[in-house]
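Both complexes shown next keep subunit A, but they swap its partner, so subunit B is in the first and subunit C is in the second.
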Partner chain A sequence: MGLYGPPNGGKTTLANRICEDWLGETMGSVSRIAHETREIQIKEQIVVKSGNKELMFNLVDTPGIATKIDFEDFMKSGMKKEEAKKRAKEATKGVISSIKWLDEMDAVVVVLDSTKDPYSQVNITIVGNLAARNIPVLIAANKVDLKKSNIEGVKEAFPQYDVIGISAKYGNQLEDFYAALFKLLD
Partner chain B sequence: MPHQCVRCGTMYGDGDKAILEGCKECGAKLFFFIKKSHVEESKKFTDNLSKKEKAEIEKDVLDLVGAKLEEEKPVVLDFESIRVLKPGKYEIDLVHLFKKEPLVYKISEGKYIIDLPEVFKKKD
Partner chain C sequence: MLTLRFIPYNEIHALSSYDRIKKIVDLAKEDQIILIEGKLKKTEEVELIKRTMEEISDKFKGIEIAEVNPQENKDVQFFQKVKDEVINFLLGDRIGFTVIGPATIVKEIKQDPNKIQLLTKDKKK
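Entry: the complex of A and B
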């Protein structure tokens, strides 16, 4: 199962949450600066339990997909020029590998920042391509702990999919998320 | 379709010997593949880059596509999917990438093309 989405939606935070809940360990580092995950990360054989049902899957955390990557954006967050350029190059590489790995996915959770406009080119392209490849999709509208969060907006944008509002950071509504996972992967 | 030397920006027409033998101006064997409709735009954009910036872009794109610098074979890049505006500034055409259209054409000794969509099907 893959976690896909734009940068800074909270894919790795959710991956860490899932791994902590069911493996007792974390998966990758998170940052407020976009494109923190620049390589595919995999955790194998995660077993999620609900009642007497069990679900086992390999979790793939992917680099954020973007249409524009600019080192100057990273510099605004205090990063040095050379480091920022390196991050931009690696992030671009990351976009290619995220897309490359799509064919390996049996199901995908698209992780979106629910405080942002859901109708972005990145979101529409990702979800559209998953549909075209017949890959089952669950949408996690993340960051519901924030005031600006608008789950209804995400639901309106993607009416054909299950949308679950979560806070990966604080663990809110994770039970609903796991229940939806069972539905998705069953 | 024209080709543009990544290092110095010189333009070459389709099938020009320089693409196989190396740029007549600087000897580099790395070229951007440019759509006819984009020629003017491409010229304008590379004219504004310094020599150092061009060298940096050359290094970055080779790294991105995983081609080795020491390779004697010419490399032609189809940057319809990814454009490097300046070192560290990238524009990615997701629709192209998702379609798995070729990212890179490699040409050596005559006309030899690596079909990247095939490569895309496999893991790293």
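Entry: the complex of A and C
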């Protein structure tokens, strides 16, 4: 099962949450600076339990998909020029590998920042490509703990999909999320 | 100076997928804003993103992209929608427009059924 989405949506935070809940370990590093994840990360054989049902899957955390990457944005976050350029280069490669891995997914959770405009073309491109490949999709409208969060907006943008509002960081509504996972992976 | 390059459906459709994407990226690298009649296939859009990522440099920082679907109004009646879908099927990806601009010039494209808003960047001192 893959976690896909634009940079900074909270994919790795959610991956860590799932791994902590069911494996007792974390998966990857999280940052407020975009493109923190620049390589595909895999955790194998995660077992999620609910009642007497069990679900086993390999979890794939992916680099955020973007249409633009500007090393100067990283410099604004305090990085030196060389470091920023290196991060930008790695980030471009990360986007390419996320796209290449699309075909390997059996199901995908698209993680969106629910405080942001859901109609961005990247979101539409990701969801559209999963649909074109017949890959089941669940949309996690993340960061519901924030005031600006707008789950209804996400639901409106993707009316044909299951949308679950969560806070990966604080663990809100994770029960609903796991229930939806059972439905997605069944 | 901003240049808006219009690409009619017939021109973009005559090309293979590969050349279509190459053409778009090449124009964006020349700092042109491109208005395409019709839409790319979803699978072409990810190819476009891939190609864009391969081309990113200190000068070319990627693209902004938006699709405009004039007929996609939330309030359309059911029959209107069915009709639109039939027309869509007949005309393929001809309906709507795609706007693509280099990220160094276009900060954001706001989509709206009736208008396109290009938010441009202030040129650096």
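One rule holds for everything that comes next: the second predicted complex is superposed on the first by the 186 of 186 C-alpha atoms of A that agree within 3 Å, B and C clash if a C-alpha of one lies under 4 Å from a C-alpha of the other, contacts with A are read in each partner's own complex, and residues count from 1 in each chain.
Please note the rule applied: contacts are C-beta pairs under 8 Å (C-beta built on N, C-alpha and C of every residue); 3 or more make two chains touch, one makes a residue touch a chain.
All of these numbers come straight from a predicted model, not from anything done at the bench.
A.B. asks: Give one word, clash or fit, describing how subunit B and subunit C relate on subunit A after superposing.
C.D. replies: Here the two partners, once superposed via subunit A, clash with each other.
A.B. asks: Could you say whether A:154 touches subunit B, subunit C, both of them, or neither, answering first, second, both or neither?
C.D. replies: neither
A.B. asks: Does the superposition put A:68 against subunit B (first), subunit C (second), both, or neither?
C.D. replies: Touch partners of A:68: subunit B and subunit C.
A.B. asks: In the overlaid three-chain picture, which partner chain does A:84 touch, first (subunit B) or second (subunit C), both, or neither?
C.D. replies: first
A.B. asks: Quick one: classify A:119 as touching subunit B (first), subunit C (second), both or neither.
C.D. replies: second
A.B. asks: Should A:59 be classified as contacting the first partner (subunit B), the second (subunit C), both, or neither?
C.D. replies: Neither partner.
A.B. asks: In the overlaid three-chain picture, which partner chain does A:104 touch, first (subunit B) or second (subunit C), both, or neither?
C.D. replies: first
A.B. asks: So which bits of subunit A does subunit B touch that subunit C touches too?
C.D. replies: Shared contact residues on subunit A (touching subunit B in one complex, subunit C in the other): 65-71, 85, 88, 92-93, 95-96, 99, 102, 121-122, 125, 129.
A.B. asks: Flag every residue of subunit B that touches subunit A in the complex, lowest number first.
C.D. replies: Checking each residue of subunit B against subunit A gives 56, 60, 63-64, 82, 87-95, 97-98, 103, 120-121, 123-124.
A.B. asks: Where on subunit A does subunit B make contact in their complex?
C.D. replies: Counting only subunit A, the residues touching subunit B are 65-72, 84-85, 88-89, 91-93, 95-97, 99-104, 121-122, 125, 129.
A.B. asks: Which residues of subunit A touch subunit C once you look at their complex with the stated criterion?
C.D. replies: 65-71, 85, 88, 92-93, 95-96, 99, 102, 119, 121-122, 124-125, 128-129, 131-132
A.B. asks: Residue numbers of subunit C touching subunit A in their complex, please.
C.D. replies: Contact set of subunit C toward subunit A: 41-43, 45-46, 49-50, 52-54, 56, 58, 61-67, 103, 109, 111.
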